[in-house]
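The following blocks contain the structures, represented as structure tokens.
Look for chain A in each of the two complexes below; its partner is chain B in the first and chain C in the second.
Showing the complex of A and B:
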């Protein structure tokens, strides 16, 4: 083989590998981005209530190891000392405990009201209404020592503007089920 | 010889380019710091999760406050600056918890902790559609009152989250060195 032929072969081999390397970038760059962003995407999904699971009125839904049911949603009209045009809203839930490891399954429990525009209200501390002893809230239930088969009554109080009361739905999210959350439909829906 | 010179020039250019990149790059703190939402007194400044509207700034030598049912007068070696603001949540309930006063020399004063548990002080919980009034109270040096900036954010560490930066504008200085219009005692018992 002459030196010239060797050189030619060498060149074509080099060209082939250069082309392969360039094409491999098409695969490697998206792969590198995916690996880099994996943790961030996971954190984003774990920390946010993104995808609703609708629960029809009167039905209960299995969520975080227990069966959740919305029993009542009502406004407490006629209270004084509140910001103008605001109404306290009470949401009552009944939960039949399935898996009793609430400290793990119900961690990060967040009850909220969502309106048709996607606005979200968290429970308020401005209004404090007396609740009967057998009614707790999501966080107190975690430490209530409830066992499998028990039924818990939970209540959360919200403060929402009057105009929003016509189109609000209660929702519940917990860390173990995120990014999914329960969205309860009302009787009128 | 030509080739060698060209290589050296190329190398020097690369060094210069890298140096340029190094000195012009933002600091890590700037990259992950708060994202400013700027405005001035009277504007509604819109951040990611909340809106703030600074109405007025009042200066006082003393503050009359009610602490645990007792009336007290708080004096200061500087001057009290009280900013009346309106907060509104955007799409979700949230809590606005920190405010600071950045003077023209760059001195930054956190909200005072001498008044506690008073209605209308931070942290303030806000819900969508239900704006709330609040008062931000600072104890500042008189020479830090003119052209100051009010910084408001939800959390103490507002990394990668909005921070409202409200320019409070110039304040004339009176004969006594305090801002013009400084009152002797400001009554904080009246609701904001």
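Showing the complex of A and C:
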């Protein structure tokens, strides 16, 4: 074989490998990305409330083994000693216990308010309002020893800017259901 | 002079354009297999700590193979390196090698220097740390598995080395019998990687312990005090006023030392590249030519009675044939001229610097997000530009460029007019068959 033919063969071999490599990138790039980011994606899905399940006003939804219903959402206007233009908001829920293993199913319970821009507020302890004895909150309910069939009343207090109160919805997320969470619609929706 | 500096840069871009898909695909394969082996090692560690550590070797070996394969991909575009290889082959090489066996031989040659580099820059520790993190993820708080790294302190380590030595011996025997040679060659390589990996890691741990012991004896502080008293005049040694940290400056010694290591890394990589391209000296004539005194040393060695030389060579010949290239690699690197070396150091660091800025630019482009979301996004950015926490060996845009640059520098070094005129240097293909057998014996 002449040197020229050998050279030609090398060139065509290289072109062939170049083409093959280009095609393999279509598979390899997503594969490498998946392999690299597998753990991070898993953490992201486990730790965050990403996908809402909308619950219409007055309806209850089965979530983390129990039936959840939003009973009230109201602002406590006129309180003193608060930052200017902020309003305390109270969210009341009624939960009918289905599976009583709350310590497992309700772990990482997080109640929040979400507005139309996607801003989120967590419960506050700055505002202390008197609550009746039969009302607890999400975390205390976990250790309440509630049994299947019991009904729990839960309340969370938030402090939100006044301008946000026009478009806020309460939401609930727990570790066992993440990345899904409940988003409660209001009467006006 | 400018031409010497510019030529490698132009060649880098040419190489990158010509071989980009192949190189990127190789890096991606390395990422996939590296991660796969890490998971396998971690799972094996839950059953047996020793097995986990043995399998961890494959992670480091994957990196080496990826590097070697990338350099090998570029070879057809490096005429000067090829010509030098051919010249050496014409001198005494028998036959051509199959692709896989060739790769395995190249990996064997680069094994020890690569791992030495790997350990010296702390990547060995990184790999081990990543491994222990993965196992901890699988068994939170070490439940069931315990501390997977406890084997590093146990006598069982010797058993592991003995087992891999036995497997290696068996593989060598099979290789001699003539079965699928390249397969057995790969087995030999894996076994050698195993004990080099474990050995180096253990040595680095012992080194830490030794340093800690010395530190605890106050010897070091006495030495340091003595060194400082020499470095600084007495006037500044007492009643030094409080100086705010932003006004203080790093002293010259520290600056020089860090500058040295800053410059050393690119040079080490060039030596590795030279090794991979098989810059091999069949005999040490060329190396001896470095200096008259070294030459005289060689002559004196040859004057020793033959039986004594045979006795000594029985022990050292395998290693000599394998590691003489290191010495020679250093020589060619330093001989290739100041301009080329400066181009190498600046160019290598420029690539690093650009990759770091590209990383930062991407963070600005993507904008602020939650920590968990950014964790996912950062994996994507790292895939492009390499992780900011390790050597940029995983960035599919950076790593091919780096390898192309190193190959281009080496090609420029081989193509230097003074070198061609000398014509005495003979780089060869990787160690030939007889040498491999000597090494394996």
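Keep this in mind: the second predicted complex is superposed on the first by the 157 of 189 C-alpha atoms of A that agree within 3 Å, B and C clash if a C-alpha of one lies under 4 Å from a C-alpha of the other, contacts with A are read in each partner's own complex, and residues count from 1 in each chain.
Note that in this section a residue touches a chain if its C-beta (ideal position, glycine included) is under 8 Å from a C-beta of that chain, and two chains touch if they have at least 3 such contacts.
Since this is a predicted model, take the numbers as computed values, not measurements.
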{"item": "Partner chain(s) touched by A:164 [first = chain B, second = chain C, both, neither]", "value": "first"}
{"item": "Of chain B and chain C, the chain that contacts the larger number of chain A residues", "value": "C"}
{"item": "Touching partner for A:124 - first (chain B), second (chain C), both, neither", "value": "first"}
{"item": "Which superposed partner A:10 touches (first chain B, second chain C, both, neither)", "value": "second"}
{"item": "Touched partner set for A:104, first chain B, second chain C, both or neither", "value": "neither"}
{"item": "First, second, both or neither for A:54, with chain B first and chain C second", "value": "neither"}
{"item": "Which superposed partner A:21 touches (first chain B, second chain C, both, neither)", "value": "second"}
{"item": "Contacting residues of chain C [partner chain A, same complex]", "value": "19, 21-22, 24-25, 28-29, 31-32, 35-36, 76, 137, 370, 372-373, 375-376, 378-380, 382-383, 396"}
{"item": "Touch list for chain A against partner chain B, complex", "value": "83, 86, 112, 117-122, 124-126, 158-161, 163-164"}
{"item": "List of chain A residues in touch with chain C within their complex", "value": "10, 14, 17-18, 21-22, 24-25, 28-29, 31-33, 35-37, 39-41, 43-44, 47-48"}
{"item": "Residues on chain B engaged by chain A in the complex (per definition of touch)", "value": "91-93, 125, 127-130, 132"}
